[in-house]
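Written out below as structure tokens is the structure these notes cover.
Chain naming follows the written order as A, B and C, and within any one chain the residues start at number 1.
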Amino acid sequence: MAGATLQQRRRRVGVVALLPAMAIILAILAYPMAASLWLSLHHVALAGGLLQQDFVGFANYRELFASDTFRLAVANSAFFSVCEVVAVVGLGLGVALLLNHPIGRFGLFRVLLIVPWAIAPVANAVLWKWILNANYGILNAVLVQVGLIDEYVTWLGTPARALYMLLIVDIWKSIPFIALLLLAGLQKIPAMLYRAARLDGANAWQQFRFVTLPSLRTTLAIAIILQTLWSFKLFDLIYVLTRGGPADGTLLLNYLAYRETFNFLHIGNGAAVANVVFFASLVLAILYIRLLRPGGRKAAA
Amino acid sequence: MAKVELMGVTKRFGAHEVCANISLAIVDGEFVTLLGPPGCGKTTTLNMIAGLEDVTSGEIRMDGKIVNDLTPFERDVAMVFQNYALYPHMTVAENIGFTLRLRHMPRAEIAKRVEAIAEVLELTPSLGRLPFQLSGGQQQRVAIGRAMVREPKTFLFDEPFSNLDAALRVRMRSEIKLLHRRLGVTSIFVTHDQEEALSISDRVAVMNRGRVEQFGTPEEIYVRPVSRYVARFIGSPQIDLQEGEAVIAEHGSGFRVGGALFSLPRATAEILGHLGPLELGIRPEHVVLSERGVDAIVEIVQPVGPASFVALRWPGGLLTARAPGMSRLKAGEAVHFFVEPEQMMFFDKASGRRVLASPSRPEG
Amino acid sequence: MARRRRQQFANWAIGFSLALFTVWTLAPILWLVVSSLMEQQALTATPPDFSAGSFTLQNYAEVMTAAAALGHGLLNSLIVAVATTAVALAVGAPAAYALARLQLPGAGLILLLILATQMFPGIVVAIPLFIVMSRVGLIDSRLGLIVVYLSFNLPIVIWILRGFFLGIPTGLERAASVDGASIFQTFRLIVLPISWPPIFATAIFAFIESWNEFFFALILTRQNAQTVPLVISQFAGQYQTVFGQMMAAAAMAVAPVVFLAVIFRRSIMQGFSEGMIKG
């Protein structure tokens, strides 16, 4: 290694250290991503166990945007994501504030927050399928006992109700982690700022508005973007609870992509839907990255 | 023991030039300090000498050999870092012996050397402890021990005392000086504390924004600063600088500042008169409070024990004087002061370079 | 006086809200455990029968013996999760160090790529991946799952560890360099030993993610390599469901991971939230 500058030496080692990881990531993710894009430009059919590909340009996409099912899925996804993000981040902030208060400092609450996150989404789905069971589910039993409803409800029986239940279940699972994230952000706010505000005569609400919220802006933005991205990824719940029904009422884009590809074997179409989801996610991901850069943080702070 | 030479060393980070054309010739066995405020490039220079940073252009030689592309280890340098940089998961003994372990020295031999060093630095009882269990001063000594065990040709110190409290800092200075005398190894020391630099170095390189303003002995730096920057940086409290003009007359030549005249030999005043706009520099310790001289009123008296710093308001502005002991002067008192011509320093207002002072000191 | 009242009311309101939140979060989980211990008859009564006689351990017994699929699934999940975690760390830690310290050109771009891979649903890569996997014969194999899981656990490992490595004071590595350590030695002898907590947290995290993963398990496995999430979903798909058994299976699937998460919650939260917020 004689004759190499310090910089060069370090670079060489760095490349070697990075190579295996990059190889794996590129091979297993980058390549399929590109292939998926390519596939979406083809009409793919399985004939005798083989894949037949005919290049059709953007025909799949045109078909897609004209299709009612796709439009329904987009509407459902938009509605779902917006509702979920607002509820999760809003309620999550509330929980975080509660936990930041002296009364909420018990370790028990932190334990509580990590459990829903750790439960496998599938297991969560199975649990809630049981809770929401039309005949024997505990939700029905409790509500009837308490007197809020007269008879048992098929919670997943109509499109609207099913979508709302889907929302509630995923909100239940998502709040804790976002709350923990926001809590971490809250705890970074120096106590000094609150003291100064109090000296200036600010009451609790004013302190929240002028100290807490501004300091939390970046973390909030990050929470919003992350939760939105996660809402795009929702799959396990739909698969177990509704399979997209009833009447495509809980059909979200991600599940639509799966259904087209693996149930109907419209591989080209499925790839097209998947890519639509991908680009939506990409835009958000770029936003997220911008926020993390020092420049972004200064702009938000 | 090594002779260290920097020739035209420049360091750029992208477009930003941190060190510009630094040339220093350090003699074998010398104790040299790089002195300057934060951001002047002294630590970067040290890192380049160590081999922890690449040189953008220029050469670094040790014992005549170009070492630009050698690792720190290959350059046979050892370094004591500002925050000690002790390995937190290793005991004191392991910290000191780490470099020997890397060289695959037999364990018994390592133990022997480590114990020898520990004894010199009075660390023997701490050998089995972890860094966080030690005091700041002890950690400092472990850092020094880690450097010493290498028996290097050059010692490098990166502001090693800045994290110590004042009393300990002063003590460590004498310890370092003793150590240097004992070992006689070429040492390069970085600090922003001018008193520290003056007290322990053979020569000091005063740095300003990536350049070496002056490289000389402590006496040269203090008595014959080459520029306004050096004069201001060295000496505490800071030297007073005032604009003024030379006055040439039959009787009463001198340098006029504000309404007051500092008398000078006529020949000196004539020389000064030929130069451009000038500034007069007076060190507080050269302001003599007496019966005669310039009128002044005492503004503030700050007694610090062995001396008192008296702020005087005089027609030319505000001046600080250093009075011996705990002064009895009170604010508002009227006093007089004068300055010996030999102690006056004149600086060209535009360039900041020091110009010829008085004929009694021909070399300025 | 009024201020005191307001303060008391505020405290009461906070306490009540916390209690409400606790019930809201705890109730479903509690029901999971409770119903797993109840007999089918008790559960299918309207309303459910909570008398003493309804409780039993039979569900767990049944699930463990009769439904061999669960045991098989647990084994598969264990192997896949452990292997994925081990390789992800072995490959990811050096990569993270390289990105944090070794001033690589295009490091920014690489980081972007890593972040981007976290941001989209599996369906985007599922089809081509499925095609390639079938060609290579890795369908319904644990190895296939491990490879795929690696691809999305690696980025997380790299991201979190890189964040941590950036925080280590550079003085330590410089001292090691001066002491004569190569970059590799510095990494092995200095950086790694002081990095155990985040490495551990990352390992737990990767393990949990691998254990809970469903989508790729659904697509890429058939009989042999079924993991626990898949087995659980099949339970729920049956018509004649013994609800207690379904819950017992779910409980067993979920227990190890919840246990780990609760024990290491501090490190997980620290590593994750710092990684997500700080970047």
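Observations, loosely collected:
Everything that follows uses one rule, which is that a contact is a pair of C-beta atoms (placed from the backbone, for glycine too) under 8 Å apart; a residue touches a chain by one contact, two chains touch by 3 or more.
Just so it is clear, the model here is predicted, and its values are computed rather than measured.
Counting C-beta pairs in contact, the pair that comes out ahead of the other among A-B and B-C is B-C. Distances between chain centres, each the mean of the C-alpha atoms, put B farthest from chain C. One simple way to say how far apart two chains are is to compare their mean CA positions; for chain A and chain C this gives 15 Å. Each chain gets a centre from the mean of its Cα atoms; for chain A and chain B, those two points are 58 Å apart. Separating the CA-averaged centres of chain B and chain C is a span of 56 Å. Counting partner chains per residue, chain B has residues 51-52, 71 touching two or more of them. Of all residues in chain A, those touching 2 or more other chains are 7, listed in ascending order. For chain B in complex with chain C, the touching residues are 47, 50-52, 71-73, 77-79, 81-89, 98-99, 102-103, 146, 150. Listed in rising order, the residues of chain A touching chain C in the complex are 7, 9-11, 13-15, 17-18, 20-22, 24-25, 27-33, 35-36, 39, 51, 94-95, 98-99, 101, 103-104, 108-123, 125-131, 133, 135-136, 138, 141, 144-145, 172, 175-176, 180-181, 184-185, 204, 218-219, 222, 226, 229, 232-233, 235-236, 239-240, 254, 257-258, 261-262, 267, 270-271, 273-275, 277-278, 281-282, 284-285, 288-289, 292-293. Those residues of chain A whose C-beta lies close enough to touch chain B in the complex are 2-7.
Chain C contributes residues 10-11, 14-15, 17-18, 21-22, 24-26, 28-29, 31-32, 35, 43-44, 46-48, 91-92, 94-95, 97-99, 101-105, 110, 112-129, 131-132, 147-148, 150-152, 154-155, 158, 183-184, 208, 211-212, 214-215, 218-219, 228-230, 232-233, 235-237, 243, 246-247, 250, 253-254, 257-258, 260-262, 265, 268-269, 273-274, 276-279 to its touches with chain A in the complex.
Chain B makes touch with chain A in their complex at residues 51-54, 68-69, 71.
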